[in-house]
Structures are given as C-alpha cells and as structure tokens.
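This is the structure I have questions about; it appears just below.
Letters A, B and C name the chains as they come in the text, with residue numbers starting at 1 for each one.
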Amino acid sequence: VKQVLGRFFEDFAPGEAIRHATPRTVTEGDASLYTALYGSRFAVQSSDAFAKAIGYPRSPLDDLLVFHTVFGKTVPDISLNAVANLGYADGRFLKAVYPGGTLSAVSEVIGLKESSNRQTGVVTVRTTGFDGAGDDGSDLLPLGARPQARPRGRGSAGACAGPAEGGRARGSGRGLPADRGRRLRLTLAGSPHRWGDYAPGERIDHVDGMTVEEAEHQLATRLYQNTARVHFDGHAAAGSRFGRRLIYGGHVISLARALSFNGLANAFHVAAINAGRHVAPLFAGDTVYAWSEIWTGRSCRGGRMSERCDAARRGEKPAVRRLSGTGTGDGYNPAVILDLDYWALIPR
Amino acid sequence: VKQVLGRFFEDFAPGEAIRHATPRTVTEGDASLYTALYGSRFAVQSSDAFAKAIGYPRSPLDDLLVFHTVFGKTVPDISLNAVANLGYADGRFLKAVYPGGTLSAVSEVIGLKESSNRQTGVVTVRTTGFDGAGDDGSDLLPLGARPQARPRGRGSAGACAGPAEGGRARGSGRGLPADRGRRLRLTLAGSPHRWGDYAPGERIDHVDGMTVEEAEHQLATRLYQNTARVHFDGHAAAGSRFGRRLIYGGHVISLARALSFNGLANAFHVAAINAGRHVAPLFAGDTVYAWSEIWTGRSCRGGRMSERCDAARRGEKPAVRRLSGTGTGDGYNPAVILDLDYWALIPR
Amino acid sequence: VKQVLGRFFEDFAPGEAIRHATPRTVTEGDASLYTALYGSRFAVQSSDAFAKAIGYPRSPLDDLLVFHTVFGKTVPDISLNAVANLGYADGRFLKAVYPGGTLSAVSEVIGLKESSNRQTGVVTVRTTGFDGAGDDGSDLLPLGARPQARPRGRGSAGACAGPAEGGRARGSGRGLPADRGRRLRLTLAGSPHRWGDYAPGERIDHVDGMTVEEAEHQLATRLYQNTARVHFDGHAAAGSRFGRRLIYGGHVISLARALSFNGLANAFHVAAINAGRHVAPLFAGDTVYAWSEIWTGRSCRGGRMSERCDAARRGEKPAVRRLSGTGTGDGYNPAVILDLDYWALIPR
C-alpha cells in the first residue's frame, strides 16, 4: 500500500519516536496569510521596526502559526484516524521563529491507555518542533535551544522585558528619553495596560465576533499542510455524525488569540499552552467570540526570555463561546467551544 | 476598561492629533494576497523587471493596498462606532511604497459638525500615512517626503513619464531603439492607448464583472488589520438594519480599480482620490461592474512625479454599479454603489 | 475600443506570434498562497533545506503555479471568447523557477480548423513561458534554456537523480553515510516508495477528497491573473448554460496533483503534461477525488534533468472523479472531470 492510511491504537508503541514528513520553510508569505486569516494586530509580529526597537532582529512569526505548522506535520502519523483531538498539555514556545526558518517535527509516544469499552484508546504524544533543516539530522535543535535567545541584547540583571522596556529600547529609545519612548511604544502597541494593570480573577470580554467561512478554515488548514480529511471532504462529511466539515481546532485558538487583542494588546507573545480542550466543534457559519480571565500572575527578575521560568508572564484563561450551533461540552455552557489555559508575555 | 470600545462624537476635539496603533511592515506576501483578492494586472505592480525598465528600483506595492493599510489603522480610534463612512476628499498618494516598508498613521481632527437632529454628528479627519518605523518618532516622514522620488533617474527637463517613456528606458530601452522599446512596453502593459488617446467626456465600460464572497472580503479586510465588526460579525449583523455583514468600502474601490484595467491598462498609478462616496452598501453574493468617465485631462512638463502637480495625469471618474441588491443612494441609479473621482498616472 | 474584448476564430492567423501582456514576478507570497489553496506537501517545494540538500539553490516554485501563471497571460489574447478549453498536449517543464523570477509568455498559432457546422472553430496554439524580464526582448529565454540546469551539481555520468540521490547529497548527505542520508530524506519526503516500486498498470487511489468553495477558486484564478469572466461573474453565469460560475480547469489539475501526494509523495516534479482533457466542468460545492494509474516507466542514464529525455521519469495518468454534479464527458464515467497524462520525476 503506497498511501498513508493512518495508524490505529494498536499501531503505536510506548516510547516510539516518529519523525514527521515535509519540513516546511516558513516565509513572509505565510505571515501575510496568517494576518489575512485572523486579523491579528500585535505590534511585535506586525512591524519589523517595532520589533527591532525592542531588541528582535525583525518581526517574528506569530507563535500560533509556528504551532499549527508543527502540529500539521503530525497528522498523517498520529491523528488521521483519531475520533477526536482531546486536548493539549504542557506546551512551551521556546524560541522565536523568523521568516526563512525551516520547521520540522518529531513526536514521541508517551502514553497509551485503552478505553473501558475496548473500542477506542487514548494515545498521548509529546511533539517537538524544530527550527532546523532536518535534512540530515545534524542541525535539528529544539526551538529555544539556539544560542541566540528571544529578545536579544538584554542585560542579565535587568527586569523582565516586554515591548515597552526591552533591550536597546530601554533608556534610549533611539535617542528619546526612556519614558517618552515607552509611552510611544505603548501607543503603537494599541494599549496603555501593562503587567501591573491586570489582577488575578479579572475577566475581559473581547467584544468583537468573527464569523467563519468554509473557504477560510480550509485555506488556513492547508497552509499548515494539515490534510486531515474531516476538514476538507464535504461529500464524506455529509454522511458523518455532524453532517458537515469540522473546523480544525487550531483555527479556533488563532481566532480567539486574535480577538483577545482587544483587551490584551500588550500580551505580545504566547509563552505556553498549559492546557487546552476543544469542548465542542466549530462549523462554518458560526460566529466566534472570546473572553479571558486572568488566572495567575507571575513576575520575574533577571534572565532571558528564552528561559521560560524567568520571564514576566501573565497566566490567562481565555475561553471561547460560540453563539450558533449546539455545544456538546459536559459541564460547560453549551456555547463554549474552547477552554485554553495559556501564558502570554506582557511588559511590566 | 481595557478594551477599545471606540469614540463617539463628543469624544473628538478639534485639532486633536491621534497616533494610531500597530505599525505594519508590508511585504511580498501582502502583494500576492492583493493580486489574489482582486486579480489586478497592472504591469508596473506585477513585474520587477518591467518596473526597473522604467526607473523604479523594483515593483511598488499597489497604491490601494497602501491606502487600505493606512485606513485600517484609523478604525479603532475614529470609526468603530460610526454610522457610516461618508466619503473621501483630497487624498494624495505622495510616494511609492515597496515590500519591506513599515506603514504607520496619524489623524488630525479637522472638522466637527453636529447634525440638526442632534443624534449624530460628522467628524472630519485628515489622515497621514507614513512609510517609516514609527517606533520612536524620529523617522516618521509623510509618504512622499523622502528624498528619493517615485520613478527615479528622470531628467528635470524631460516630459512627464509613464511606463513607456520614463527614465533609463527612454532613448535606450536596454539597447533597443527608443520606439521599439516603447512599443514593446505598451504591449507588455496590455494596451496601446496612452494619454493622448483619451478625451474628456469619454466613457469606458470595463466589461467584466466580479461576484464577491464573504470569505474574500473578510480576508482582505483582515489583511488591512481593519477589524470593524460590521464586516465580520454575522451573528450581530443578522439583527442589524441590513441583516448581514457589510463589505468594507475600500474592497469596492479595489475591485473597481482592478476591473478598470480592461480599458485603462496604462493608468498605472493612482495619484489622488479627489473625492469619493460609498453611495450604497455591497453585500456578499453581489456582482460588481465598473465604468469610467474621463473627467479632465491635465498635462505637464518637467519635474518629478513625486511633485504631484507636475505629473501627467488623467482625471477619471469610475463609478461602480451593482447589479444585485437594492441601492439606496439618492440621486444615483439604484445600482450604483461607489462614485469615485480620482487621478491616475498614464504615459503620454 | 479601448477594452480587450477577445478574439474570435476569424481573428487568428496561422503562424502568428502573440506576445502576451503583464509580465509577472513570482514570489514567496505566491508560493504560500499556492500551499493554502491546495495543501500541497511535496518536500522539495516545501523546504529550502530539503531542496538544498539535493542540489537545488533553494525551494523551487510548484511547477503548476508556473504553468497557471503562464497560462493566465494567454487568456485575453486567446481564450476570452472560447466555448471551451479542449485540452493540452506536449507540455514540457524545462526549468525550475524560483521566487523572484519574472514570468512572461508568447503564443504561436499552429492550427486553425473550422468545425463542420461552421459556427465554431478550433484554434491550436503553442505557448512558451519565459523566466525573463520580457521588458526589452533581450533576455527572453525559454524556461529550460538557461545554462544552469535544474538540480545542479550533478556529474555527467551519474544516474538520474531525485530527492534521495542527487547532487551534493549523494555519497555525503552532509557528513552522513549515503544510506542513512537517503533513508532520512525518504522519511522527510513522506514515503519510502521510489521508482522501482511502481509498476506499469498499477492503480493508486489517493484516498482524500477536497470540497471546493467559490472563494477558493476565485482567489486562485486571480492569483494567476487569469480574468476569464466565466470564473468570476456570477450574475452573468446565472443566465448561462450551466447557471453558475465555472471553475478554472487548472484549479482541478492542481487539486489532483496535491491529492496525489498520498501515494506518490516522491513524485517531486512535474516534467511534462503529455495530454490533458477537461472531461466535464467542476462547480463550487463539488468534492474532488483523484487516482493515478502508472502508464509507462522510463529510466535513464547520464545527463542533466533539464534535458528531458534523460531524466528518470514515471509516466502517470491521474484521472479525477467528481462525486457531485453531472458529468458530460463522452466515454468516461459521468463523474470524471479530468483526464491527464503527465510525467513526474521520481527518485530511483
């Protein structure tokens, strides 16, 4: 058989490492499409000049574009026959990726649990994305292991840094007094609110809504080279449980993240996806709204952002509610489709 | 409140200058998406080689892509709660923008007029787009104020120049006799018609029609980071006056400009939007057609194209008629959706 | 008349050469859109690192993106008034094209045959696409005639090369033993199957299906600057024979090629379109499936890939069946929409 037909539960072995196909060079073209698909407005990812002013070599790619590209590679080997993608845990974004980087992925099978009905089983994998060629194995370093840390040029004793305080910008701001440069950057980033302005328990409704079209989620999911047929084959979907194409769960995460700009404009980088669950499916024609709840606040002193426990982070818990369609999540409001616990970097 | 909820009439002060958020680096990826969204075929914006042959360093971005990107930045500060975008006046395109440029925008409130019913008011703003970093204020020069003028390498005493006559190309054409080079360029541009071939009062039906899909205008409007909710939130729109999502007016301008290629293929640059009015809304499923009327013809001698009153221009007045839906414009044919008075550069 | 209204049968002269308008610089942005439109996963076109490892300077653009761009240029001069695009014959891909290249096209009228009913006629043209500026005629070389051949760095006596065996990679693989480098590349390409694993007569069902949306084929066809109105004008189409917009035939070819990855992952380059026929039209909402039949197998020894008869090729005959809509092809299963005989390069 020359086709990839996907694995079933019994085809996975504990500890097995799977090298996924199709290394992918990500470019400015992918960044433009990502903007067109979600309307994301975070200044660091939108402007080379802004990114440089706070110590990046140029605008990094959106963290979730990197996530989806890496995730997409795992589909033929891991989830082609999956009944559902149950969730995410302990995801870390270790390194900024720039246009021109080539992403590849390896997964390790870390858990196999048969269901009580013996009809299905749960496979747990740890996937590592690499910013490296992957063509000969020699330069496959995990994202984050590269010597140049994300935002560069930061003193080891300095406070944690965000767009308003980092690197070259601090104290100089290209010849501007530090305060003026800082205020200006907050203006350009779209919000005066910083780390200290958010309190645990605070809830932010992100106001705006986005209706999703079939063409949009198909373009996005193909961009990530995720070709799971449930997202594309309307003919087969007509006879399925839902009667129509399912939207890739990552599309929902990106929509929620883009919507969260309105209230969290300075949360400029996703540092971790601690836990995530697709509570109910999203279908074309549905409108997505998002809100966030500040979950925990962790500060830091010293160190570089690439060492994750040292960065100034805000835990956030944006959930997404769907206003059309029927929710199926147990214990959730029936309109909720996504429950995501993530860390974002926000300037102090 | 951490969300941007938009201003109302009483929140604007005369003379107030508003610096808009999210500087945006525009790239080749944006140019490709612009082509995919409208099918524009102007040779200068399509081919680096063609652009170089007439004196540009490379293909500039479509003028309207620059316009939409700048306009999009103003939305959160200016028009989020606007009942309607009434129109445009005295817009000038002062400088070509190339991939890699970073656009930012500042608006000044230049008019505030309360309506007689005291329920609404008209706010007039002058928006300036900049091709500069905008991160510290030091290199914010208006588009056009840069020392390097649009098409370079043109003698100060030369006639006004278009794609067939400008710069290095004139008299040399890479070793070709001037006439042959000129004819060849007109062939490659798609039309033999030049400045002298168009007469005031002439009317051109641009023949082709383009049906618009929800996914298309949403992709476009998000690409411009214009997140006005009327364009995206189908759930909220269902309960609105129109019962559905409104298409961003700039999408109509770009459709009309792309359709105008068939009859105005050599009108290679938009130099000014003198006046514009969105006469009626456009909705997904509608088909857009365009025609142009030659309004005035202005010639010129000497000078550079970046000094706007010196360039060879054709005034044009393309209106756009919509063949489905119901028009609401007073005094217009009910199918008309856009009335735009603009100047385009065309070779003599 | 300033508009291009298209030619009719009697407007073509035998032997006439037509230089088509709008040279087009193809970029990374176009490559990203191509991926988003079809979900193609071939490693050579996806990863600069992978492409370099087998001797390319970087990832080439997808062969069919080049084909569609060249084809699109011919539409205003050749097929604007065509009743149907009957088919293709003897197409050759002579040269890899990279981002930054500028494509232009020339067609020669090589056949004119009036139909017996004297209402229509068949025009046969030979179109040549060029990777050259086209602005002065001096550097218009046919794709393939450039001195640098596709995959570089190959010894003249070597075997024909594919991704696992070519150029620098052979025998070295960046310091890896040849066998390990070869195995690794097959893993990254997504399939262990090579030239010797396919036998004439073998039939491969490519499993996956793709439902097409109006927005998708319109974005694609505009990206190729193919503005034939049958693809875009829903208002006019409502009164036509089919009652709706027709999807550009090339969109079907690209869908079939992308679907063929599942079973032909190592068929990394299209070398020729020997013959092709659009048996029936495709409409939005239809779902496309593909299968391939191995037609002939040709091996080779020595020479460069740019000399077409020397390359290791597999003839393939993927047909595409449509599961909704009504087929009209005589002699074909009514669901068949495309019958394409092409050569793809596959490593030995």
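Please note the rule applied: a contact is a pair of C-beta atoms (placed from the backbone, for glycine too) under 8 Å apart; a residue touches a chain by one contact, two chains touch by 3 or more.
Bear in mind the structure is a predicted one, so any value in this text is a computation, not a measurement.
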One copy, chain A, sits on the other, chain B, after a C-alpha rotation whose size in degrees, in steps of 5, is 120
Residue numbers at the chain A-chain C contact, same meaning over half shared and different meaning under half, come out as different
Distance in whole angstrom between the CA centres of chain A and chain C is 34
Residues of chain A that touch at least two other chains are 27-30, 32-33, 213-216, 219
Note: in the complex, chain A contacts chain C through residues 2-5, 19, 21-25, 27-30, 32-33, 76, 100, 102, 104, 132-138, 213-216, 218-223, 225-227, 229, 232-236, 245
In the complex, the residues of chain B that touch chain C are 27-33, 35-39, 41-43, 46-50, 52-53, 59, 169, 173-176, 181, 184-185, 187-191, 193, 197-198, 204-211, 213-216, 219, 262-265, 285, 287, 323-324
